[in-house]
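Here subunit A shows up in two complexes: once beside subunit B, once beside subunit C.
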Partner chain A sequence: MSYYLGVDIGSVSSNFVLVDEAANVVGKIYMRTEGNPVKAVKEGYKQVMEGIDDEQIIGVGTTGSGRHLADIILGADVVKNEITAHAVAASSFYPDVRTIIEIGGQDSKMIILQDAIVSDFAMNTVCAAGTGSFLDQQASRLNILIQDFGPTALKSKQAVRIAGRCGVFAESDMIHKQQMGYPIEDILMGLCEALVRNYLNNVGKGKKIETPVIFQGGVAANAGLKKAFEKILQMEIKVPPYYDVMGALGAAILAREYIEQYRRATVFKGDSFIIDGQFHSRSFECKGCPNMCEVVCIKRDQEVLAYWGDRCKTWETSIGHQEVI
Partner chain B sequence: MKKIGIPRGLFYYYYYPLYKTFFTDLGARAILSSPTTRITVDRGIDAAVDETCFPIKVYFGHVKELCKYELDYLFVPRLVSIENRSYICPKFMGVPDMIRASFTSLPPLIDITVDLSRSDRDFKDQVLKTGRLFTKKSSRIQDAYEHGKQELEYCKHIASQGYTMAEAINIWEGQDIRQQRDGSLRIGVLGHGYSLYDEAISMNIIGRLREMGCTVVLPESLSLEQVEQEAASMPKRIFWTLGRKMVGSALKMEKMPDIDGIIYVACFGCGPDSFIGEIIERKVNDKAYMLIVIDEHTGEGGLVTRLEAFCDMLKRRRRQQVEDHISAYG
Partner chain C sequence: MKITFPHMGNAHIAIDAMLEKLKLEVIPPPPISKKTFELGVKYCPEFACMPLKINLGNFIEALEMGADTILMAGGWGPCRFGYYAQVERDILNDLGFEYKMIILEAPDSRVSELFNQLKALGENVSVWEAFKAVKYAWYKIKIVENLERRFAYIHPRAEDKNRAEDIYDKGLQEIQSADDKHEVERVGLKCLERLNKLALTGEEPLKIGLVGEIYTVLEPMANCSIARCLGRLNVEVDNSIYISDWLNDHLLGGLAKKSHRKNLVRCASPYLNYFVGGHGLETVGSTVDYARKKFDGVIQVGPLTCMPEIVAQSVLGMVSKEEGIPCMTLYFDEHAGTAGIQTRLEAFTDMLRRKKILTGFSC
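What follows is the complex of A and B.
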């Protein structure tokens, strides 16, 4: 059997998906990035490859904010942005999908499709309020596990009204409500509704939301949010089976498309490179000019694999590495 | 020879050839601050009032740099209005005052008021007042001003061929900048010149799009009459000069069949932009449109992701249009 590997290195979670030649999912790993994407790539790779020989991998795709990093460590045939990857994955399950709601750790996106082609999209602007990390933070403040967030919220009969304009306001509003004695499930459901309102105002503003609507990304695990979306939009919301790894799945599908279309051999680096080597990253301030770019250097043992972050590209091009776009 | 410092920020991107020619013709030397770097940004954030917009903070950084040189004057005009019945953002009115309040040792400021909202009579006095710092002859001042305007027109002509105003100014100064080949996508990029054309402020958004194989179409390449005509279709006249230009340019670009999509680059703290970006989003329905909000951040990941996704979308859409075309007529 031959497989394609899709990897999505996000700010909060790192996801790995293996698909077979017919694009069926045969393995998936969802894990926390924990601020260390280099380690996450290696760990996740080891886990998803359990029982599989590296020679069986015939194509690799990476996506997510750490896609270039993952490309350096794994050797990727396709390096794609998250929007395209999510859209490709969703339309592989639901070819007639019109709207994708994707809420991840730091980003939230809305993707509008027509005939399986992205026709419009929006991402949250500078502010990361209302994304997964905010929910995480609030859950830990209320001392409940993030896994229990959704089920607890669903118990609510009457959601509390919480200001959703801004994460900081929402938090202070929540603390006040909590101190006034509102039950926790009503506060959680209120938070879900506040997030949905914020999302629709901020990301979905002016967009026409049509069914079928797909809700994916790590936050789609939260049943409270799904219910809040359904209540506010008055629409049925579907959560796909691999909702938490859709980015990685999209990357795998894109890798498959690419390899089949161009009949290329994969540039995948294999076990000996990935597992045996020690990868380090360090950053330094370039003193070459007053721009003082923060350059990142990725090393495998003593060998420098890549530099990036310099505006003039002096470092980046110094080792013949080309950024894949 | 008297030395006049000119900060490389704000309306530098719209008027520098005029400023420089005017002062040079009057026998003075224009000293320009260097292109924006992180040091400029840090200095600006340090010196400026917290609630101003990012481009003004950067301008402060340039002023700070110029303070190091022994200057006879620092040229920081107070821009109120540059055309009839239209205004520049109110924050700009206070720039000379904010500079005076924020810096301790400044060279004498030339902070003439430019207010053409009603008539140009006062403005002419202001030009004469400035010129008299260097010569007594009114005719010489008048000539220098007219010459400056000519040079500015020439520079705008360069920009109309597809260069940013920053590039056009460099070409006007004698640099050789080669135009890139036509890209596969044509993207209209709008924004206030002082944020869009400053590579540090805009995180080089234009350069990045070009690297991704796009041809960038800028408002400077459109005919002013057509832009004004489009802007006049709004139910109420927009009285911000730049805002009106942006709305008019966006509506014009929407009608240009060779443009694939439009990107608007706004600054987080910009009052007018919070309206204008929104107005354009509502009015432009026939073309892909993306609003990018920038501020102090230097993490480029978010910007790159958005640009890539936007280009991907346009490419896939275009491919589909081609396929539709073939199936319909083949």
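What follows is the complex of A and C.
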């Protein structure tokens, strides 16, 4: 059997998906990045590859904010942004999908599709109130495990109203309600509704939401949030089976498309490169100009694999560069 | 008198040239860097928009290098820019700098007012010499813009994008240090030739129009070098506004060249019929113009909290639907969220590319 590997390295979670040649999911790993994407790539790779030989991998796709880093370590055939990856994955399950609501750890997106093609999208910009990190924080403040958040919220009969304009306001409003003695399930449901309103105002910004609506990303595990979306939008919301690894799945599907279309051999680096090598990163301040860019250097043992972070790209392009005379 | 001025894209090449011809000693501020941002952010009101912060950073750096006179442009209308020279003067005074500030205002009726302003600025120069200084600066900026346009064409098509960038950067430097008209022409042509000799991929790139607030459109440090990022994604970027347009409309009373502002105002109707300050009206007009020229998409840029661009953004949704052109808006401030910008640009170009392939098949 041959497989395609899809990897999504996000700021909060790192996801790995293996699909076979017919794009069926045969393995998936969802883990926390814990601020160390290099380690997450190695660990996740080891876990997802258990029982599979590296020669069986015939294509690799990476996505997420750590996609370039994952590319350096794994050797990826396709390096894609999250929007495209999520859209591709969703439309593989629901070809007629019109709206994708994706809420992850640090960002949230809305993708509008027409005939399986992205026609508009938006990402949250300045405020993290509509994301998983915010829910995490508030759950721990209320001493609730994040896994219990959804089921507890569902018990609510009357959600409390919480101002959701901004994370800071929502938090102070929530503390106020808590001290007034409202039951915890009503507060949790209130938080869900506040988050949905915030999402629709700040990310949706008046975009026309049409059915079928798909809700994916790590936060889709929260049944309270799904219910809040259904209540406020007055629409049926579907959560796909692999909702938590859709980005990685999209990357795997894109890798498959690419390899099949161009009939290329993969540039995947294999076990010996990934597992045996010690990857480390180092950052330094470039003294080339007053901008003093902080350049990151990724090394495998002694060999420099990549530089990035410099504005003028002198470092980034220094591997194989020609001077203009 | 040691004179300095604020940066805006490649404008410094022309301003420098003009001031030198007015027989002044010029101390241009160092290129905008993180230090410039830091200074500006530290001393400006937090809610002011990014151009004010960068301007102020430029001035502080130049004053520290020994400049004693600042040349700044004035303005009018609802955009806050018209007030910035005054605010900057107050902040710099509070910081204890000693200097003179000269504010160039757009001439009300006759362009001769401008030459008189410049004559007063120069050291023992006649009105005729002031006129010649402007003409020389104008020539230089035209050569620079020719190069900018050629680069915007070649960069997305070139096989070796690094080399295209290097040639262009070097060309700009050479034009800047060239000190007479012939030399400017010679180095300009040399650079164009070099760009033209580059091997091209042969693929037709996407075409995106860049609209929005002028400072953010023109200054790469204020927009995370968006044009270059797009070029690297094989996208040809057309600027809706060039520095010569601004100088022409705002300082030269529209006499240096034919203004296409009227056309943009016409295009903006019926979506936006009023001057809303800054470049709000032009943003809407240019977007319609690009849609009719069959561009693949439009990206609107502006500094965060920019009122005219917020007005324009709220109109663009309707324009996008009616004229059938995808639009994306990006706001910038001192947070260098390069990764976020890159992701949005990639997603936007992916979207346009897939759309283009699909419509290509259907017709």
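Following the convention adopted for this analysis, the second predicted complex is superposed on the first by the 319 of 325 C-alpha atoms of A that agree within 3 Å, B and C clash if a C-alpha of one lies under 4 Å from a C-alpha of the other, contacts with A are read in each partner's own complex, and residues count from 1 in each chain.
Please note the rule applied: a residue touches a chain if its C-beta (ideal position, glycine included) is under 8 Å from a C-beta of that chain, and two chains touch if they have at least 3 such contacts.
Not measured: the values here are computed from a predicted model.
Trainee: In the superposed model built on subunit A, check whether subunit B and subunit C fit or clash.
Mentor: clash
Trainee: Contacts for A:T317 in the overlay, against subunit B (first) and subunit C (second): which applies, first, second, both or neither?
Mentor: A:T317: touches subunit C, not subunit B.
Trainee: Between subunit B (first) and subunit C (second), which does A:I83 come into contact with in this model arrangement: first, second, both, or neither?
Mentor: both
Trainee: Go through the superposed model and pick first if A:A265 touches only subunit B, second if only subunit C, both, or neither.
Mentor: In the superposed model, A:A265 contacts neither subunit B nor subunit C.
Trainee: Considering only the touch criterion stated at the top, classify A:A22 as touching first (subunit B), second (subunit C), both, or neither.
Mentor: In the superposition, A:A22 touches no partner, neither subunit B nor subunit C.
Trainee: Pick one for A:L145: touches subunit B only (first), subunit C only (second), both, or neither.
Mentor: After superposing on A, A:L145 lies clear of both subunit B and subunit C.
Trainee: Go through subunit A and flag every residue that touches subunit B in one model and subunit C in the other.
Mentor: 65, 80-84, 115, 117-121, 123, 125-126, 206, 289-293, 311
Trainee: Within their complex, state which residues of subunit B touch subunit A.
Mentor: 34, 37-40, 199-200, 204, 211-212, 268, 281-282, 288, 291, 293, 295, 297-298, 301-302, 304-306, 308-310, 312-313, 316-317, 320
Trainee: Taking the touch rule as given, give the residues of subunit C at its contact with subunit A in the complex, in rising order.
Mentor: That would be residues 30-31, 33-35, 162-163, 165-167, 170, 225, 304, 317, 326, 331, 339-340, 343-344, 346-348, 350-351, 354-355, 358 of subunit C.
Trainee: If we count contacts the way the header does, which residues on subunit A are in touch with subunit B in the complex?
Mentor: Residues of subunit A touching subunit B: 65, 80-84, 107, 115, 117-121, 123, 125-126, 205-206, 289-294, 311, 325.
Trainee: Which residues, counting only subunit A, touch subunit C once they are in their complex?
Mentor: By the definition above, subunit A touches subunit C via 65, 80-84, 115, 117-121, 123, 125-126, 206, 289-293, 311, 313, 317, 321-324.
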